[in-house]
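Chains here go by letter, A, B, C, D, E, F, G and H, matching the order in which they are written, and residues are numbered from 1 within each.
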């Protein structure tokens, strides 16, 4: 019941003041609920929902998928899903499973749209699992993705060979472990927003990704922001948001 | 000389092969220069350039401004400029100085444009200097900015009272010290990209902003990315980029 | 023998000064023992004792339980007890084992008493094992517990939907990993003391719970205090103490 | 207007549905405000409000005091107030200033009430400023406070000499720098909740209070929780809450 | 009154049981007091007491000295005393002030005794203030001290030139900043216990002495133990204890 | 085609300006490629290439070796190769596998050349795997290597017994875990550049090699530089570069 | 040949100057060896040598024991020896293996001597393995050891009940994880040198023993020094040295 | 006296066996002294000595210079010398003072020699003081230095424009704060050894140079080694050593 409706029913005597009070008492947060749903409605129209698979049993995930399907969801992305869990879920649903990225898709990728292409670049080959999580997330949410893997700054020519893709991108996701310099170099080359993802690739003083994280936070290039270590999903999700920016009011 | 021009002159015999070689020898990096300049040309059309004032003497800054003016620059933003330096530079140029933000403007703010409004929100009043650096940067680069200061999560109603401005924003900059929870709460409320800025506000276990930084990097809300501690300029600059996203090719 | 008794026997000549001296020589620390036992007597009346199971073999635990039973203990709580150990102990005693919380109960939960209800809230589902350790500890010690799980700040409406339970609580235990913002948000909403428990849930820059810990220590809300990472027992134990506060002299 | 009042006026036709809607539209957050205000009403009855002085100019503080006085506030606590600021504010208001604690009181301390006495204990004399912030906060909010200063564990007899005050306390605030062992020792001696406050007293490997903080978080005694380094106010505020616990519903 | 005395007076009726009880009630901790005083009596016989000067005003120190004198103390060591404070105290007492070490002596150094000589060695000249604090403490407490300054491992010959003094020492205090290697090298050369003191000398990755501290804790030489960064007093105090070891029982 | 060739063909009309432009368009980065290849040509003449084996499957490595062989590579070094992977690769190629160092060689070690000998010294026997990675890398790249293992500073005589080898070396690689003092001591004894390699050998406060790393960075000896923890390959590679220094222009 | 002998033979013409030179050429480090051997001779008289077992294969250890036996060693201590390794070595030698401590003894413990008894105290039962390593090391080297286990400060009476053993000890080894307060409390109670051993016992903010380490380094009690986390051997070794102090020259 | 000389004098009876013994007793370390002096003789021939000025008073430095002059030293480099100290020393000696670098030269720079040129490159202008310390050190020791300042990776074209100087260098010193990516990028471009110097330039998460330090240690480019934060002198000193490598034996 909307507030006006409640008031009208009070006026008409259709409901008691007590009932109206009870109804209104829970409204503040219901109001926010509606706001939330509004926000998410656009994404949901024919689109995808995400399940964070880590720490959930196959059965729990199956139950969540069931509920989503009942609510009209058609396409679902599951991240951080182990191969074993994926196998078990496949007994119940048809999943496309991407082993490198530990990502599974139920249903379809959204049709690519948005302002332009998203480039996902990595410093080395060991960063690819994180990159694939980012790329698949962005593709699932409806973006064209260009993968530039193993273009780390120790061999600058490998990166510069792709300067056209980089300068044409609407968003660049720069993924690197070790010293994480890739984000700064790309940040200096492109106009697009750069989302930097430090990875836990490395050893010794890489401190499980903290070295790359600090490096990226201190990037001398403007236009670079950072997400958590190994957070490919977060980068892909944010890149999609930016690539689908549209005029507001 | 463009490459085609060089080639044509070689063909026509206007220049020797030696001259052409010398010309081309320096091109690889000039090419990138041109790319860079291309990228920046748009920003420059009637627009602004930025000087990072920290660690520069007033005289150095005066010289840089002079050079910029000679190159046709009309509007200049100077960040991290102490009041004393600003006073000295005012002897040479007409500056608007914003003491809180330690920011100075030569010339004019760009006319506000972009996809929508940028909200700059802070957890407390002590975060305002960082927020003003962000807000003034965004305004200088041509964005409408809404300031929501002192809306920290300890008094959630203060934040929720502004839910309309938040959900209407095209980009939100969430600035907070201490526990930095503001970024997560806003990240859960809005659809827009959220740029989180940890500040060094706090004491003891805030570790000069590291607590807020870690908190923001671990945000349980998607769509949040982080810049360096106290980096208001970086957030404002990136927000401008995102707010001016446009179709690519 | 109490001191008075010793003195009276000395006076009456029932014991020699030498015997009295020997008796008294060991008193300083027995006195403190008595003090301790005094303190704990109230808890023990029909109530429970706790065994910290981690690093103890099943046999050691069985021996401790035996001793407790001999001393009239009827109800025993065992924390951090692996499933394997629990199985082995079950051969000797009838235990209720709670797998999620790794908690076992011998005997009965105390009848719920105290000033009010204890709310145990978590940011996510992965925090539930820590939350159950807290909740079961509080219940074992005689408190009514309300569980509010997965009410993290990224979806504020989930939390606000329970504002009545929160504001009615006598103590709130706020449990969260990642950015740990839950403690601050709850701290700003309720009048009751808030015990914050950071968890090791998260990855990368969560640094195994250090990010949440720092966040909670820096909470901008007053009335919040913090226990060790994943220390559900400590929170439940302290909550019980606070919920059973009574007038002192 | 309370909601019931609005509804009754709607029913009686005293206000239009439009007016009622406008009135209710601003309610969600007022509701929370009201909740907050409800919670705080008890404290305010003849009681005190707190201003965090750090980072505020004398003028800002004077303005805040003015506003509070206009709203009927009679007693105000100001923490982290420098001597210089206090001097300037004294030109406008009559303040009691406590230099050690950097705390000022406008008006009166609340009459001591609560379940019992609050003991504020410190390891050394250098911890006294933090202790006084805690003690004065608790006294201002209406608690009887017993100060046990310089009772650090290196001279255990100093602490044990006060075992009666400790075991009689309703809440103990244990304040220590360096190795912070005081909290554990007291935690093992008393039944009351112990609020541990690490201080930045020490040098070298004390890491500005981090050593004491970690020590207190790892306390082997149950019933101990921790606040931020040097956060005397937080401890005093929480101790007051616990000392004024009363039955709920 | 000793316990036996109390008992005898009870037996003889000289005191009531009530008085005896009151007397005994405070004994547990008084007993420990007596123990403490026993322990310290030996040191005090014609010997010295120590005041930690840091964070104490000249007036406070003067008052402490007064009390000590009244209690028959003749020789007093004051550590971490600024030159300014020393000057003010000199108006009241005759002090010997050692500026480098920030140490003052009232009265006399104890006559050197003990099992042998204490060597105080430093890596560089910048470590001398810490070394002097150690050396003067040991001398004050009655030890012969040999100073070997600036014998850091980068010039091994400087250290080896003193191998006789080192191997003859009963205790060696090894003081070094930067990489702190001195402790390991000396630990491998001598049979005596080595007390390692990391100093805050250095810059950058010395992290204010943490590098030297970690280095010393990981010493590959046996027989090395470590005190806090810059804690010359602690090393001198402990060296005195070891140099005065004697048969027990 | 070299640039001159393109220009000459343009002049002679052998290629169109369009073709020349296309050719030149990709030159900027090819130029750098050529530069790189130039640099590496010397190494490659009859010499070796390196594969970083960690995180690569046997199949991937086999494919890389195949490609290298096709490109005329004759000798290949593979680092961080597990025994299992080595076994599998041996089915396809003849490898010499060094289990301690986890290094494999395809083909031959280069003939030893360079300015002098490279000494690889370790503090203990547990550092040998890292040392062997360094030594084999240097040998593979054509250097004479002298191994001085287990010459840690706790037994200085073990190190000094080899002073001749040390002072005669052209480069010294100093490898140590725990307190890492070896680098400083050697740095003080020799004139040659010293490359320090901290290892993760140790426990507790060695923090997985961070203690040794900090120690080495703070070396009081000049002429010492540091590589990442356990980075034997990096040290061997750099030592080879230095040992093969020759006059430039 | 001793130097004097060489010189006399040169003088008498029994050896040529060339032979003497060759003999002397190797002396510098033999001299140091002799010094070392001198130092260790006392220990060796019917006494023990130590093998650090961690990272050594059973075969390597067997070879070392063989060599020691050939050199007349009769009693050998092996630390950090896994049960599996011990089993294998038992095929070759008769070992006493102490599983808790991971320590093995070949031959006999030395007859207890020294100035007094060494007390080994632990905070909890989980610290016992480290304590046993310390105790067995001290016993092996010829000391009487008193074990006081599980006397942590959370139950102060447990510690105070043993005040006689503590004050009678010639050296106290205080072993504790978690908050490590035991070292400070004991340091305040006894006159003997206290060797503090932090352990990795604990979880969360114990940071694998770093919390206890920092706590112990900051001990407010004088006379306390610290060894590496879990370094029971180091503490036992140093305690033996101190307990066997004797007059020097 | 050389050993042979001693032996001959013993044989001839020119010295007693006692004198010879005394002479030989101190030889082990004198031998090393000689070695040291040998090593340094080459540098000293007409060359320079270095004084580390930090923490030394002007008077101390004057005295050291005096001693050096007496020993025939003609050219002296003083690092980390404040302007004030330099002014005072100028009263006694003629100094060239370089304010930026805080470096002073007495006498002359050595004539440039070595294998090639040393390039000193910085990421930004704020790194110049560290760079000048490196450059002046290298120049003083006799090297030609090329300065490439402000060529940070955020503007890659600035760096690439100098690719010729970089590839021609015999040693490159890469100096950068913030994210320190310069070292990796240069390391990937050049064949020469790269000495990386992290600087404390930056703010927030740069952690006073630790971010740059970690970044450089994790460089994905081979041939890079690292010195302490801000250690320009160390880099210049090592670069000189490498640039003066010559054949050994």
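In the analysis below, a residue touches a chain if its C-beta (ideal position, glycine included) is under 8 Å from a C-beta of that chain, and two chains touch if they have at least 3 such contacts.
This is a predicted model, so every value here is computed, not measured.
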| item | value |
| --- | --- |
| Interface residue overlap between copies subunit A and subunit D, same or different (over half shared) | same |
| Geometric centre distance via CA averages, subunit E-subunit D, whole Å | 39 |
| Centre distance in Å when subunit F and subunit H are each reduced to the mean of their C-alpha atoms | 24 |
| Where subunit E touches two or more other chains, by residue | 28-29, 32, 36, 155-156, 163, 189, 204-206, 210, 213, 217-218, 222, 228-229 |
| Touching chain combinations (by label order) | A-B, A-C, A-D, A-F, A-H, B-C, B-D, B-F, B-H, C-D, C-E, C-G, D-E, D-G, E-F, E-G, E-H, F-G, F-H, G-H |
| In the complex with subunit A, residue positions of subunit F that touch it | 26, 28-30, 32-33, 36, 54-56, 198, 200, 208-210, 213, 228-231 |
| Subunit F-touching residues of subunit B, taken from the complex the two chains share | 3-4, 7-8, 10-11, 13, 17, 20-21, 24-25, 27-29, 31-32 |
| Contact footprint of subunit B on subunit C as seen in their complex | 123-124, 152-156, 177-181, 183-185, 187-189, 202, 204-207, 210-212, 214-222 |
| List of subunit F residues in touch with subunit H within their complex | 32, 35-36, 39-40, 50, 115-117, 160, 163, 167-170, 189-193, 195, 213, 217-218, 222-229, 233-234, 237-238, 241-243, 245-249 |
| Of subunit H, residues touching subunit B in the complex | 125-126, 155-157, 160-161, 163, 201, 203-206 |
